[in-house]
Amino acid sequence: MSKVRPPRIGIIMGSDSDLPVMVAAVKICEDFNIPYTVKVLSAHRNAEGTKRFAASAQKNGIQVIIAGAGGAAHLPGVIASYTTLPVIGVPVLGKATAGLDALLSIVQMPPGVPVAATAINGAKNAALLAVQILAVSDTALARQLLEYKKRLQKQSRDKNRNLAAKITHLLNHETT
Amino acid sequence: MSKVRPPRIGIIMGSDSDLPVMVAAVKICEDFNIPYTVKVLSAHRNAEGTKRFAASAQKNGIQVIIAGAGGAAHLPGVIASYTTLPVIGVPVLGKATAGLDALLSIVQMPPGVPVAATAINGAKNAALLAVQILAVSDTALARQLLEYKKRLQKQSRDKNRNLAAKITHLLNHETT
Amino acid sequence: MSKVRPPRIGIIMGSDSDLPVMVAAVKICEDFNIPYTVKVLSAHRNAEGTKRFAASAQKNGIQVIIAGAGGAAHLPGVIASYTTLPVIGVPVLGKATAGLDALLSIVQMPPGVPVAATAINGAKNAALLAVQILAVSDTALARQLLEYKKRLQKQSRDKNRNLAAKITHLLNHETT
Amino acid sequence: MSKVRPPRIGIIMGSDSDLPVMVAAVKICEDFNIPYTVKVLSAHRNAEGTKRFAASAQKNGIQVIIAGAGGAAHLPGVIASYTTLPVIGVPVLGKATAGLDALLSIVQMPPGVPVAATAINGAKNAALLAVQILAVSDTALARQLLEYKKRLQKQSRDKNRNLAAKITHLLNHETT
Amino acid sequence: MSKVRPPRIGIIMGSDSDLPVMVAAVKICEDFNIPYTVKVLSAHRNAEGTKRFAASAQKNGIQVIIAGAGGAAHLPGVIASYTTLPVIGVPVLGKATAGLDALLSIVQMPPGVPVAATAINGAKNAALLAVQILAVSDTALARQLLEYKKRLQKQSRDKNRNLAAKITHLLNHETT
Amino acid sequence: MSKVRPPRIGIIMGSDSDLPVMVAAVKICEDFNIPYTVKVLSAHRNAEGTKRFAASAQKNGIQVIIAGAGGAAHLPGVIASYTTLPVIGVPVLGKATAGLDALLSIVQMPPGVPVAATAINGAKNAALLAVQILAVSDTALARQLLEYKKRLQKQSRDKNRNLAAKITHLLNHETT
Amino acid sequence: MSKVRPPRIGIIMGSDSDLPVMVAAVKICEDFNIPYTVKVLSAHRNAEGTKRFAASAQKNGIQVIIAGAGGAAHLPGVIASYTTLPVIGVPVLGKATAGLDALLSIVQMPPGVPVAATAINGAKNAALLAVQILAVSDTALARQLLEYKKRLQKQSRDKNRNLAAKITHLLNHETT
Amino acid sequence: MSKVRPPRIGIIMGSDSDLPVMVAAVKICEDFNIPYTVKVLSAHRNAEGTKRFAASAQKNGIQVIIAGAGGAAHLPGVIASYTTLPVIGVPVLGKATAGLDALLSIVQMPPGVPVAATAINGAKNAALLAVQILAVSDTALARQLLEYKKRLQKQSRDKNRNLAAKITHLLNHETT
């Protein structure tokens, strides 16, 4: 998955079952043409591998880490304990507790070791946040973000097209 | 705190602010006369120390680990990732989320790496559970547990003494 | 279900509707070759049977009890009230309250009578915890657990194989 | 506490620390002049005593049981498992989970073994419900309940007296 | 639905969409051969009808009222405000809040006006509780309840039959 | 969608994916024959458009604004920050947190800037509330509301028709 | 409390213990010089009085009703069942469930009978919403609201005065 | 508060009542000697000012924005809607909902507009995250962070000093 250019963003997840959620982060990296790497690293089942990845990320050129996990989602926090790079945590929705388990496990980090939490299943925003972080010192990226924001706005405005037809359809569908 | 005999139970906590809660576990070890050790080990601020403790606990003679933590309480899970000893997690009540953060972070561990969660602030039960675990192969301890259970029952029964007086006092106090 | 050797682990559940969840505990016992017994025992509908099982478990050779239940999941606590063996509680997910009912009913035990709670539907970890407890005084089992932990780590690492292909598939699937 | 007349209502609680909440039930029994008995019976610490009480309540003349408990509040459910008398459960507020632990442990009983849950700390209503249950076949009590309901209504109406003065006081207090 | 004998139990629900849940209460009345009546009465859409039903229930011979409702489930409380009969509330599970809305709306009644809450969707237990209430002064019903309890126990014990086969099936099903 | 008459009610939603929920508000406007306009306006993706709509709503003749949004549902609050018109917020149910995210984001507005929250997915009631607001100074609408209320009551009463048949069907369906 | 002019806003609360919260609504009415009336009306303890108030409010000249209540806060919904006036519900914070009981009981109203929920303890916003509703057809009030909004903005901006001094104080206070 | 050097970090809060929480972010900026500015900006009471700040932050040299707010904490999201700078949100604990309102309002942002959420009251970590973001392209800061991390670890280790004495004190205090 990693490109020839050394990856700037590391996208990590606790299990390959998180991939359908986390792929939205990959998509953003592709769209912004930022080199990235993707790894399955379980904080609990592969603690050594997780530690090794986190402790060496900075010297391997990684600048931001995105970590997605569900349940007692320790992965982002464990990574943050081994690096001073910004770590972004994505709570992945499971079957129980309506997602509060992963959210609280990721967001309630103790003073001294921050993790940036996104929405439950918010992998897309995690990657956008990573791009924003890189853009702090990368004016080309910053320009791309402004364009992205304009496109977002346009897409949002465009959702008003054919609204009347959609409403009529829904009203008829309901009443028939 | 550790006795001359090598400790069989390790009592760990994320911060010394957890000590007023976790001391109840110490008390049980003292009451059952089981050698123990107490350490402050933050999973996030002292990841290396935590790893070292967990990875070497078994060969240092520790047989059960009790870990208390609040917020994104990763400590028990991180310890469990480095040992196959039974790990008991005590969620410590904080100011927000009514204790659900520490509880869910501790209890919702992924398949393969168990942590035994007790009640929020349940350090006493954590230690009793540790004693029960040791008692599986220690008939003297098993006997002590039976006596403890009898004492508990007696104490519960004894709470009926003077109940009428207490009720009268409460009724009068309320009505006056 | 019980083998010729007397069971060391008792796997109990409140209803046979819990079996699809609890079978994961059976699987671990089989994998570790530990004799076990499985019983449906409702704390509320069969209080006498539950009491009898719990009160006689120790003298019947059982060393750890795993109890799964949903809703007002009293089963683990009721069993713990009649034995000093370690009792592991598995909250079973129901339709309402996102699993918080069974979790809180199991984990919030009062001082003096511990229950070890696992994740919601965490029957596999319950059995692994039971194996860890038995392994405290059983070096063969302790060795098996180390091997299991290594296999887990390998399986976790192996999930990185073909990751690029899976990601490409997901990206294409999404964009087409 | 029990009167010379045999008690018709049993008021049970898991610990004497529940007494300040549960005394409101005693007060209602006194007000309606219904004989009652009060006992501390822990489902977990005194399982045998709890069972004995529940199993013999009916033949001892008790007609309704009120049981208050906090945390993993199994007491009402355990009592209900040993009797077919109506059992009313009062969730007692603890420090964690904002009272949801006791509420869910009491209310989420499985089909076949009902418990009637009241509000968190709702001991007064538990006793009024007990009186309503007895009044089903006791016209004198039914009359008393109608009078009680009228008094309630009058008290509620009377809270409008001096309301203007109280409001003026609060407004001045706030603005000064 | 009402039998020739005047109904002793009133089964009320806020909407006919609650019927698939509430029919379990009807089933119990049929099984215990207790005359009952079933009505759809919305506390909010048909306040007058609800009031009229509640205010006249007692003189119409009804002895216990069961009221099921979802969302802001005011129905049981509104009925309780117009009668001194025992009112049993059944929270009906909706799409949002995991059932906490109906549960809290029903159970958190203010002092003076009790409602007996059952489990979310607990219509069967609501009816059993109603039978228990009637049985306080009806020894034939009390005997029926004891038999019911024995049948429950037997059914629970019987769930152990063929357990080994079911487990084997589940294990094979999982591994194949 | 907007009629020839200038719209009196603005129905806004954060995304066109909210339309199947929000169409219930459109339906009420149609039924009460009140001119309205429907727009997709994201508080976050189209902040300028949202501001412009809110700031000019009053001078464009809009009298009440209904805003539906899910997740961190800022839309109603952002609109309320730019207008003194009544703003009604509809929390839209998402996949996580059982709807609590949108509900709390909408309802917990700070002092000074009110938003009127309805039920989760409560678009129909949002529009009825808007009609009630317009009816404060529109006696024709007030009359329509009284008629609507009578129809509601009648519909609720009519749900008792064929109830016996439905119950019999459900009982047979269950028992066969 | 009611002025000589007939009241336009009715401020209702379930108990006089809600007055310290609800007085903030009175304050806004005074500030905007809108005639109002204040009443304690319990939906459960004084159902008749509540019904009478609600059913006659419109013909008594009341145009908006604000109702505050805690726990199973049925008051706003019960009022809404007897009137087509806009009803604003204020959930009052109690000791248990962190305010979710009153919030969900008020906000989760069924289709057909709306209640406008404000924040927990949000009596000030309830009154501001009532003023906004009256302002729909009262240009003088609408102007007052615009001025209020400007004052709010100015007050918010003014909170930046002396901020440096406050921060220095807090920093010194913490470090000393 | 702003230094002579143009601020790189903007610390914003919804109300000056958030200052005791947010001052921890100021402290970190001071400790790392990073120029910053502090402002009270309410998203709802001062929407224009908030917009102006957010829209001009980047060209004013600000590189990261920290925004703290309680209740329906829209401030971070509203700022994020007007800038592509990284925005860090700090949920501030209020009296109700145990902090879930501000947390969910901040964290559950929709795709396209990220906010980085920290723990409830986590202002210190918000500032550390801001420093980490700046350190991505500032090797001096990156070095400072490594030193900070070492100090954290040392402080955590140092909490083991005198632990035995503290435990003895707590044990004696409890038993006397």
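Labels A, B, C, D, E, F, G and H are assigned to the chains in the order they are written; within every chain, residues are numbered from 1.
In the analysis below, contacts are C-beta pairs under 8 Å (C-beta built on N, C-alpha and C of every residue); 3 or more make two chains touch, one makes a residue touch a chain.
Quantities reported herein were computed from a predicted structural model and do not represent experimental measurements.
> Identify the chains in contact with chain A as well as chain F, in label order.
H
> Of all chains present, which has the mean Cα position farthest from that of chain F?
Measuring from the centre of chain F, the most distant chain centre belongs to B.
> Rotating chain B so that its CA atoms sit on those of chain H: what angle is that, to a multiple of 5 degrees?
90
> Between B-D and A-H, which chain pair is linked by more C-beta pairs in contact?
The comparison resolves to A-H.
> What's the distance between the Cα centroids of chain D and chain G, rounded to whole Å?
Their C-alpha centroids are separated by 33 Å.
> Would you mind pulling out the distance in Å between where the CA atoms of chain A average out and where those of chain E do?
Taking the mean C-alpha position of each chain, the two centres sit 46 Å apart.
> Provide the C-alpha centroid distance between chain E and chain H, rounded to the nearest whole angstrom.
Chain centres of chain E and chain H, defined by C-alpha means, are spaced 50 Å apart.
> At which residue positions does chain G touch at least two other chains?
Within chain G, residues 15, 42, 45, 71-72, 96-98, 100, 103, 107-110, 112-113, 115, 119-120, 152 contact more than one other chain.
> Which chain pairs here would you call touching?
Taking the chains two at a time, the touching pairs are A-B, A-C, A-F, A-H, B-C, B-D, B-H, C-D, C-E, D-E, D-G, E-F, E-G, F-G, F-H, G-H.
> Over in the complex, which chain F residues touch chain H? Could you list them?
Within the complex, chain F contacts chain H at residues 14-15, 42-45, 47, 51, 70-72, 74, 77-78, 80-82, 94, 96-97, 100-102, 104-110, 112-113, 115.
> For the complex, which residues does chain D have touching chain B?
Residues of chain D touching chain B: 1, 15-16, 19-20, 23, 26-27, 30, 38-42, 45-46, 48-49, 71-72, 95-98, 100.
> Considering the complex alone, what residue numbers of chain B touch chain C?
Listed in rising order, the residues are 24, 58, 63-64, 84-86, 88, 103, 107-120, 122, 124-126, 128-129, 132-138, 142, 145-146, 148-149, 152.
> Flag every residue of chain A that touches chain F in the complex, lowest number first.
Chain A residues touching chain F: 93, 98-100, 103, 119-121, 152-153, 155-157, 159-160, 163-164, 166-167, 170-171, 174.
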